[in-house]
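Each of the next two complexes has chain A plus one more chain, namely chain B in the first and chain C in the second.
So, the complex of A and B:
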């Protein structure tokens, strides 16, 4: 046993400081020993987490200025529509699928696997859930229908990850590429289903039949937030416990740190890969089911909310910590929810939110890099760079 | 279905093939250089969109297709500078930065397009270069040998890249940086400089590919017009394993799948557009499953190089 622990320790240590997943691992590692963390470290963590967002907002504002828009008007409107009035309830509703998607991504990212097929996993699950709702509603009581449909969503999301997972486990085919290809195919199939078997013949625009309001997920009493939010929070809490407090979580972290070490300590890496992909796809399918049964109730053709791409930076900002992703997802839900109308008011395309997300990703990587250098007490430039740059400009190495 | 081999159909098929294949071929050339030197460029989609947008605006305002292609190439290089500094110099996570560039490229071109263009202006047809004698051949004459000059140039570029990778010291350095950066360093090469050059070249090719897609293949720019082409370029590169002949072959296989869809639409055989859009991806996926062992990436791909690290 002590041998195994030693191997694991060395695996943890050999994780290079190349990027975010490694960083997150140490964060997840220390999360288990929260009492040891000093106030200074917490402040450090907060600064590193919030600075990228602030920098992205400033840079986004500069871009707006360059295009002749008023950034204060735009950002003010985001808060206006995202929080004020009924805004906070809508933002909370929007958090439901985003939280589950974030959880789904965190599980695979912790294993250093990339599931980028989230769009198809979400849309296929959504379309099938909505498509089978009318016929199930006719034979089953409403509560049983909801449960069956939710399970169907989970199964569909998970099923769509199986081919990339097996290819990765058997042949080490790059899962980034296979999940992306499966994503394009899945989105196409979802559209085919909306325009084909599930199309509502009474509506001109191709879309599915809408579920009647009384057979959708009920609201939390006193609000207009559906109970899917509670499901999402409970799932997130359970997943956090599994990842930080169980042997599966530890095995996952070892696998993520170094698959070879994982194999040596007796972890079945092929099974691990397939399991992680299935959990990830299942959570994304659950996100779709909750979103459809709680909020939308129908799918239009060519509709794609693109939740996944938006959530990725926040998943990293949370250091792949499921619990930590909650405030970030809340932040993004406000931005996206308020940003929709704010962009229209500023006569902007809603694609601008994508630019903000990309800026956060870039600043986050830079801040993370600087932070790691500072912790290690190293120069802020990588060792080879100074000499390389000196060589480009034809100068001799000075130090 | 008897008229499918008539001259107009064959010409439409070959033209569709070329329209689909050439942007992919150009982008894949850049990606091949990048991947051979150990840099995974997931931002290729964003670079293509930025290159396409800049080329479109340039051609629209100057009326010159050549200037548009040059501007698109330069825009690709400018975008890849971000990638060079963050990935190669600072060694940040290549997947995260690549995704960020794809998001930003799509977002910023979408925003700019919506701000400046209310309707979709179309560019005219570029002057084609008809090769003497050959262009008078039946079937292939009006399709294969009456094309934009850029069409012929892209094959010259492919030849140059193949020669550079296989026959020159620079190419050897690129491949060494992807196979084993430590040995390149030990042999006196400079990994950072080599990879920087590869990233900039990759950006130039991505920008040029996007420019070709926008101003020559489509004749206009629409937001998110690449529709996954950048990712397909990565697949092409993985399957070609650095051999340029294979890059050309696989690109044209993709072109055939695109053209089949378009030609089938012309016949009485009706096929939903969703199926036609999905078709290339299904073919790529089948190829990936069938040749799962054949797809190969250099060992140091995606790994930032730190001197002296084990």
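So, the complex of A and C:
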């Protein structure tokens, strides 16, 4: 963790820090590889990163208490089911798509582009991979089928970002809206495909044919973890290297820092936008392919794992650093995996896991707010809070 | 108490205010009294601590120690809203108006007390305040269509909108023509006569003399000189000049150049034209621009039917009120914006459809005015910022991988050649001072064989020594045969450096004059005034 990217962090700051000497801004460093940071800065960074998680766990515990449940029992079970026994293997399997999705989001987010169409990119890729599996299996050897299907997934995910990417590059259309709209369309199409051409004729429920177990991704020897995990880890490492050590990564940082600067120094911003979207969609498509070929093997209609929404808070907690996202994704995978059964044991809805994620987001925002105000040498409290409180309690203020 | 009987009451008193940032003491034990009905001029170079002082008064920064008294009571200005409540209004150097909204809407943004908007009341208030300023402002005009002088008046009205008693003007004249400066000064005098306290920040001594009732000089964060009203009344211009210059530069006077240069830089004397090396302007045309039009977009101005020719070694100045298409012109020439029609020739080559990089490698360079946001990436180290326009190119990058040694060698070379003051090449560029950031940009643009350099407001916001150095560099390069397009809102600068001056207004070049020295500023003013008259009389071709 020697180098960290803090595009979000610095983005938050640039909003409010115009005209203030940059020395007062600690730890803002877009330039991963490059400058070394002091121990104080690292400590600061760790505090800001870990505190929200700790606070969320505590607040979650208080909520559980209020509901009459035993928080220690619940959290203990999460560890029991998420790590102990075979739990760690399941958690690792769950990490596979999450890691790739996080990587896909980090690439665009670092360019300050918001690809929020991850659901459709994932589902379309998943459905097409599964849908074409039987016919390809019939003509190709199993290993070639897997490779072709993986590439298909990547291509589909990437293709679904092209319209928003081009609209953004040519007309500066807000990509948040276009990717969301494309997501609605894509999720719809995915469902139509499951109920239509790809529906398994042998069952009544709308779902695709299942891939036979022997045509799925092989396990890592000695475990029940499919090799998709290795693919995900390798891709994440390569991506980290590309982002921090190459001229492309530097151009991306410049573009993310300010598109105007990018234009000024002669970076082709249109090409950059399209490239970033394609990489992002491709990685999300890859996540789908690995998940389908390694774990699920079929898709039911109206099924949506909503990985993207779960991963986004952790992507930001990792300060858009690909390597940094690994522990966070692992944390979430354990909580989500162990939490399923733990919630049932405590007689809770499994949605309680989402409550935890939401609490992390809330505390993250608060910590960032306080941190930014502290960096600016201002009071920790929001401006005007004291006077408002004083007014409520009727204390007269001389004006 | 008895000694102050004759003096105006103090509205805001700062006592021993200190504010430090890591590595800098921006304000060191500053005490300052702001009195009702007086114009208090604050002089000092950039970096002297004026901006910090204002941001403390405006509630954006909290002092580390010392206290602020308002009407004799110790108060804390905890936020900008608190400052407004206490009656402190600030007019910043940059525009705070929202360009797509009308003047009235902009002003009403601050009215948050009531749920419903009170347009009628706002109109009356605007009329009263403009009468007070002696200005005439159409409430329904979009902010983007305001001329700069008017824009500033709206900013002042905005600062007064919540009933301010203290008005702070941060370098309000730096972008104005002589005529506009006069009308601004007249407005300030009216406000003062109404009993307002005015803090007038400037680095031009002659303005301070013209308008100040009291003068304070800041230097390196310290209050080095205070001339109270009683003393100032007894002084004449030249004795004030001596006092202030000594305070501003102290022992540095010698190192800043000769006395005359200092006086010119400090705005005590009017600028005179720099002598050019004989025969430095050759006959070869380096840049010829014919009938270039670029339509406006996103609130930036367009340019229309621009024709320019610059010869090798020649400096063409573009004068005009800020925001009249200067940046668009620069960006079009640099290749950052696409033009609708017209042709741009660099030497013999048509570069109209070439991109930034191609033009760059042909020797066309652009020193942007938006140093902090467009010019550098603040979070990247100085070394990479110096090579920002050569990312991915050999020998610094090899098949996408950086060659650190080459990068370091080249940046060390540029750092020493252009005397960039940085702890080391790995320091984040955003932490450098404005002057050093500008040197960084100059180093980047002027290395590697420049043929034509576009300077957009190259000395805006710099400290005086750097201003002198930057002007020197521009002249040096012109003398070596580089063609220069010098865009500036500072007429003194153009009179000092340019061979010819063209005037831009509403995106069109409306006139041109050879630089004849002292009278040039007036001629430029006349061109602007004539254009205004022609525009209202009949529609221009």
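In the analysis below, the second predicted complex is superposed on the first by the 332 of 399 C-alpha atoms of A that agree within 3 Å, B and C clash if a C-alpha of one lies under 4 Å from a C-alpha of the other, contacts with A are read in each partner's own complex, and residues count from 1 in each chain.
In this section, a contact is a pair of C-beta atoms (placed from the backbone, for glycine too) under 8 Å apart; a residue touches a chain by one contact, two chains touch by 3 or more.
No experiment lies behind these values; they were computed from the predicted model shown.
A.B. asks: Looking at the overlay, does A:247 come into contact with chain B only (first), chain C only (second), both, or neither?
C.D. replies: A:247 sits against chain C, while chain B stays out of touch.
A.B. asks: Check whether A:316 is in contact with chain B, with chain C, with both or with neither, and answer first, second, both or neither.
C.D. replies: first
A.B. asks: Which partner does A:203 reach: the first (chain B), the second (chain C), both, or neither?
C.D. replies: Touch status of A:203: no partner.
A.B. asks: Using the superposition on chain A described above, determine whether A:348 touches chain B (first), chain C (second), both, or neither.
C.D. replies: So A:348 only meets chain B here.
A.B. asks: Please determine whether it is chain B or chain C that touches the greater number of chain A residues.
C.D. replies: Looking at chain B versus chain C, the one contacting more residues of chain A is B.
A.B. asks: Which partner does A:357 contact after superposing on A: first (chain B), second (chain C), both, neither?
C.D. replies: The first partner, chain B, only.
A.B. asks: Quick check for you: in the superposed arrangement, does A:234 touch first (chain B), second (chain C), both or neither?
C.D. replies: It touches nothing on chain B or chain C.
A.B. asks: If you stack the two complexes on chain A, which partner ends up touching A:265: first (chain B), second (chain C), both, or neither?
C.D. replies: In the superposition, A:265 contacts chain C only.
A.B. asks: Hey, what residues of chain A end up touching chain B and chain C alike?
C.D. replies: Chain A residues touching both partners: 19-21, 383-384.
A.B. asks: Taking the complex as given, what residues does chain C use to touch chain A?
C.D. replies: 21-24, 26, 51, 55, 60-62, 64, 78-82, 85, 334-336, 355-357, 360, 366, 368, 370, 373-381, 384, 388-389, 391-392, 397, 400-402, 426-428, 430-431
A.B. asks: Quick one: in the complex, what on chain A touches chain B?
C.D. replies: Touch residues, chain A against chain B: 14, 16, 18-21, 63, 67, 114, 163, 167, 170-171, 173-174, 176-178, 180-182, 184-185, 188-189, 191-192, 195-196, 309, 312-313, 316, 347-349, 351-355, 357-359, 361-362, 364-366, 368-369, 381-385, 388, 391-392.
A.B. asks: Across the complex, what residues on chain B touch chain A?
C.D. replies: 42, 82, 86, 89-93, 95-97, 99-101, 103-104, 106-108, 110-115, 185, 190-193, 223, 228, 231, 234-235, 238, 272, 274-275, 277-278, 281-282, 284-285, 288-289, 292-293, 295, 297, 303-310
A.B. asks: Contact residues on chain A for chain C in the complex?
C.D. replies: 10, 19-25, 28-31, 34-36, 245-248, 250-251, 253-254, 257-258, 260-261, 263-268, 376-379, 383-384, 386-387, 399
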